[in-house]
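Chain nomenclature is as follows: A, B, C, D, E and F, assigned in order of appearance, with residue numbering initiated at 1 for each chain independently.
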């Protein structure tokens, strides 16, 4: 920081002011993916996590109410491997037998979640790990018998999250769902993030990814989409412009915005402090999806 | 139930009345141990867990505020085995290197805890899994460098638990602690239960075990201690009457009662619904420790 | 209780669990009639009152909000006799001159009501006697000039009852009403109970009587009606199946259920702890009236 | 009012202003005695009651929290006579067998209390009758076995009164007490009024009597005591200046003022609106007792 | 007061009772004009202000929520004169250049407002001066470019007033408004009073003037209008019966009553304590405007 | 800002984080003096005010509770001049006759205060002007009869400020005090700022001045005091190191810190955004006074 003068420092804070005012008390749901970190070159994964934690703590310190949602696919595969099981995918979805869902539960709730919680709590006792089984937060319905315990989101009961937010905590949600009989399911974390944003009436839904943003032509960096509407985005899925692993994110953005979430964002998680840049500066980053009104 | 007449049914409910009145709004911390189930003969482990869940739900339904604390030593050893690590103990304590504490975390937070949560939530969305890392609930201090990440309880911050109890939830606590730097520690669950009871100003601290209660002479079933004081109990530890795995439980009882918890109990978890019998009937079960006043 | 084992005791409590959960915070209005006690053979009247008091205290202890409504016709007649007045009835209603309404007031508010209050308060300071004149709880309109100060229920103002319930008290209501000019009226207690249940949005309205329940054929014990709807019940009044003193109870049940009270019950007050049996066990007792939906 | 000009009307209201400000939110306990009305010449008893009710309603309307306490000795004797019982007194206290306490209860709770409640409620639904049995408000201890169910005040539990005052109601208290076993006792209303003032931390305790105030020399109207201290008053009892039926009032004043009630008053209930004159005008009426500080 | 007997004093207070009950918690907006004082003969201006302050304090003491609104045209002209500026009016409105609005602001906020605040606060720390710039209470829109900074009321944001009223304060409002750019405007105080009454959902809007009330024929004292409706009043403006400086008051009354204010009053501020006479006695004073329903 | 990269922007925000956390909910009293602006070279006075307003709005946006206190000596002298009065000073204090205090009141409450309020409210409806007369916030006692209406601070009643802060407003306080009789006094704004900080239990008391900070040797810029204690500072007054117009500021700092305000600051108001630099960056500016503990 030594090269930065007083004037510049003050200017950054003043630039942040209208954003701080606008977002006071608002819920922002942030989907944090393991892949978001993968491309970071100048920092280790732990370093990227530490930066992400700082962003969350700052968001809360200025009055926002962030909620973190995470998955952990690579970590699940890794533990399966160590336990001698071979991951099997159909249509991009992991075939999940009883043992696999137990492994997913251990990894998501007992490994990834505490890592995120610990990284945030270095700054103060504010993060609280939550799974979809707690207070039956995430109701699950089976997706396809052939996939085993892979679920779709049934109903989200945000009571627990509301209570934690009201008490000033930052909930960190592991995306294990539960059916009426108490059976656990593994659910796509992108989808869960959208459903939680919707259930909480969030102001923003943010996906941290390992891409710069959506492109109109996949190979053309110049075709990066800065802003778009839910309708245009839905069309981009229909015509194949968006495909692969981006589809759950994109469809969740479309659905959430249509259900009242004011803005959805697809950001490049490899950029340090990308959340702060998006939230508190005039600089546009990534792709922003809105309902169609003048942004 | 067919053989039970109306008169008997009403009598049981009426017998429970004064206890329901006495315990309304009171916090009761229950340490639930895997071993407590081991001796159950007439029911499967899952069945015992279901009975325990019913007891907790009934406690809450009549206005008590139960908190569950659990460990999971056997389950940790089992996963270590599956991952090719050999558990090593010194003085009864597990030597815990970095990989082992990660395994302990996965097992306690991601396996045992969700099992308890799910068993309770069959009756309604009330149980919430919590680890000692959440909101820095359980501060840890290293016990002995030779043991690695084995911790003693430093400070308990009951803010999160108070909020969950006030919102009507039943917290289920996995006994992973955290030091100031965010490092996780494995901590004896018996000790944590006592420290939480103390921090919450609990009315009762209950240990569910696989023994009938404390005995004055270990081989003499007739020497079962029905009631005792913290002072007598401390003496029983000093003179060797109590030893082995019971020591953490017994010392926690002594400390908790001296710190203001009104009653501590060592109950036989193998008896179905032993919590209900202790709490809501005139029948005495197990060993009860009080402060020395007329009970 | 000596013959009852631990297992049976726990089973009764567990059986009660879902009912306790379902009725938490719900208002239950119980009409308690002098006649309800008349047929009790194995206990004295005082004993029956003591059992009834236990039931109420248990209801409140597990989170329900009971309200007791009572009349006292026989006691009014008795004091009239001692004071040299001859009770006179027309069409089943007591002709009530100014002196008679003063006597009714003394008996209901100053004799029967304190007996009920005292019986409950043996268990704790929770019962509060209330008359319809207090805070103008029960507005009265004259029924028939020829009957004098016999009233119908005009408007019920539940403000006082709501305040007492919110403070954790059990209101015990003497059924004296008051007109706009402050004149007291004697009002049928069955009718008042229904109107209070309606005004409070009660979950249940319960009449304790000296019959087993309603019968389809008055002389045939086997024709006891276990469950019925408001419509069927109204038809039973129209076709004369129900008659005499049951009519005010039955019409109040019909009206209350139609106005949103979920269940009305006509129970045999001669059965010890009949309230507990109805509320907290799977055993059906008496006649239950519901709105017509699947019960 | 026709002769009173605008200027005079406004002047009265303005004179009341500092008193209204001073007494806002303060509790004032008023003992209302049947005898207070006996000497009223220009109005009927009903008229006097109506004036008293207006005063109470005005007190509450301007923000004070009045509590009325009453007895009813003459009315008890009258009903006893009608029921063929001869009242018997020893040392000024009524010998009270089981039947007599039932009669006292009927008269106080069921006759005098509703009359007061009804008179107040003509102005709005604010008065609520309360007996010492309700929520065990007035604990009683037997005074003398020879007197039967005549009680002294044991403990006052003001919970119910506090709740009613907080909800904006005017409690009207019938002075029946209750012992631990639930037995009712007749208690001197003057004594109860003082104990309630003490328990509520009242600002004022007011006795409405049928005398002009205390006199230093009983036959000398010019010796009327305008102001005195608890100590002087205690001395006046010791030296016999005060005797007879005034003693319970005077001793209650002494005790209440010593326990923190700021002012006690002995007023002439025969003067119309004497409460308003005392509370809201600069004119001194009756005898005022204070703690000894400059008034 | 010496000639006024106890009976008369009490009668005044009792006469006030139903009005105190009716107005409890109600907001009353009082427009206080310098001119209102000009005709007072028997008291100095300071004396009239002191009487007005007493009335306000009494209103608040008995539970009303008064809000004072004031202008200060003569005082503005006077300071302009002292500073060498000549006031200029067009169509009855002051031409207001930048220097003039600064003078108006100084006079209204810094001179007239503190005089009112100080007069009230002699009785206790309850009055709080407020200008339309505080918390952007009074939004202004320019009326006519030729008039400079003369504004019409745009939007009223009553948040600040609601907070002060809830905390028990009496807001005293200086009628300077503010546009979106932060520019101050001078606004007619009669109009502001009506707009504030409307925004607060006031019970009453009262104009203190220097006339006896509205007349149907301006030269005929016998044609004083005691009561009228908004519709009749609007017609009186249309047909020229009302003209000159009364028009803003009258139109504000019409608009406020149509927007839900229950009563508007045009009173003679020269009558000492005219507010008390209007509010708390049966005597009618001035002109009362209602919505057309039976008053 | 164009030259500032993303990394630098984020770094500034992250640097602010611990300060935002530390100051959340804390009261900071800022004395804003006309002189503070006089030395600003690169911006006009209006520009400096706009920057100051931004700082306040940012402080509040991140959860602090700023209170502004201001005087206005030069402006008072200016209006006196325009009105033909010659300001007269004795010992640095303005001789204040009745006319002068009226002028001071007009200037402080009606001119300077609304300017500050308007500058802040450009960002939202949050600033509320308050004078020491409102709700009797600042009690005044006369300082010296020869000075006329110049007051010292008597008692501060922070009730009004607490209410405004709780409602989220930024109070802007004009330093007119009031004595028991309602007479206004002009009081030194530096002294008032300290007294308000003390009464509110502020975290910080900040003086914006036109000097760089305190110096140990007045002519040696290198002797600038970065940090000092209340005791050292008191000694600097005693030995003459501090003199002239700085004395009220310095003595207020000493007194406030001794009374529990954690930090006092003397800052150079000529530096743009000096408040932000002091509060939210690691850079030290001006002189900081603490209680003597390790800072």
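Annotations
Convention: contacts are C-beta pairs under 8 Å (C-beta built on N, C-alpha and C of every residue); 3 or more make two chains touch, one makes a residue touch a chain.
Note that the structure is predicted; figures quoted are calculated from it, not measured.
The chains that touch chain B as well as chain F are A. When the CA atoms of chain A are superposed on those of chain B, the rotation angle is 180 degrees to the nearest 5. Taking the mean Cα position of each chain as its centre, E sits at the greatest distance from chain B. Separating the CA-averaged centres of chain D and chain E is a span of 45 Å. Separation between the centroids of chain C and chain F, computed from CA atoms only, is 69 Å. Chain E and chain F have centres, each the mean of its CA atoms, that are 35 Å apart. With touch defined as above, chain D holds no residue shared between interfaces to two or more other chains. Judged by the touch criterion defined above, the protein chains form a single closed ring in which each chain touches exactly two others. Considering their complex, residues 1, 4, 6-17, 20-21, 24, 54, 57-58, 61-63, 123-124, 271-273, 276-277, 280-283 of chain C touch chain B. The part of chain B that touches chain A in the complex is made up of residues 82-83, 102, 105-111, 113-114, 117-119, 121-122, 125-131, 133-137, 157, 159-160, 163-164, 167, 169, 176, 178, 181-182, 184.
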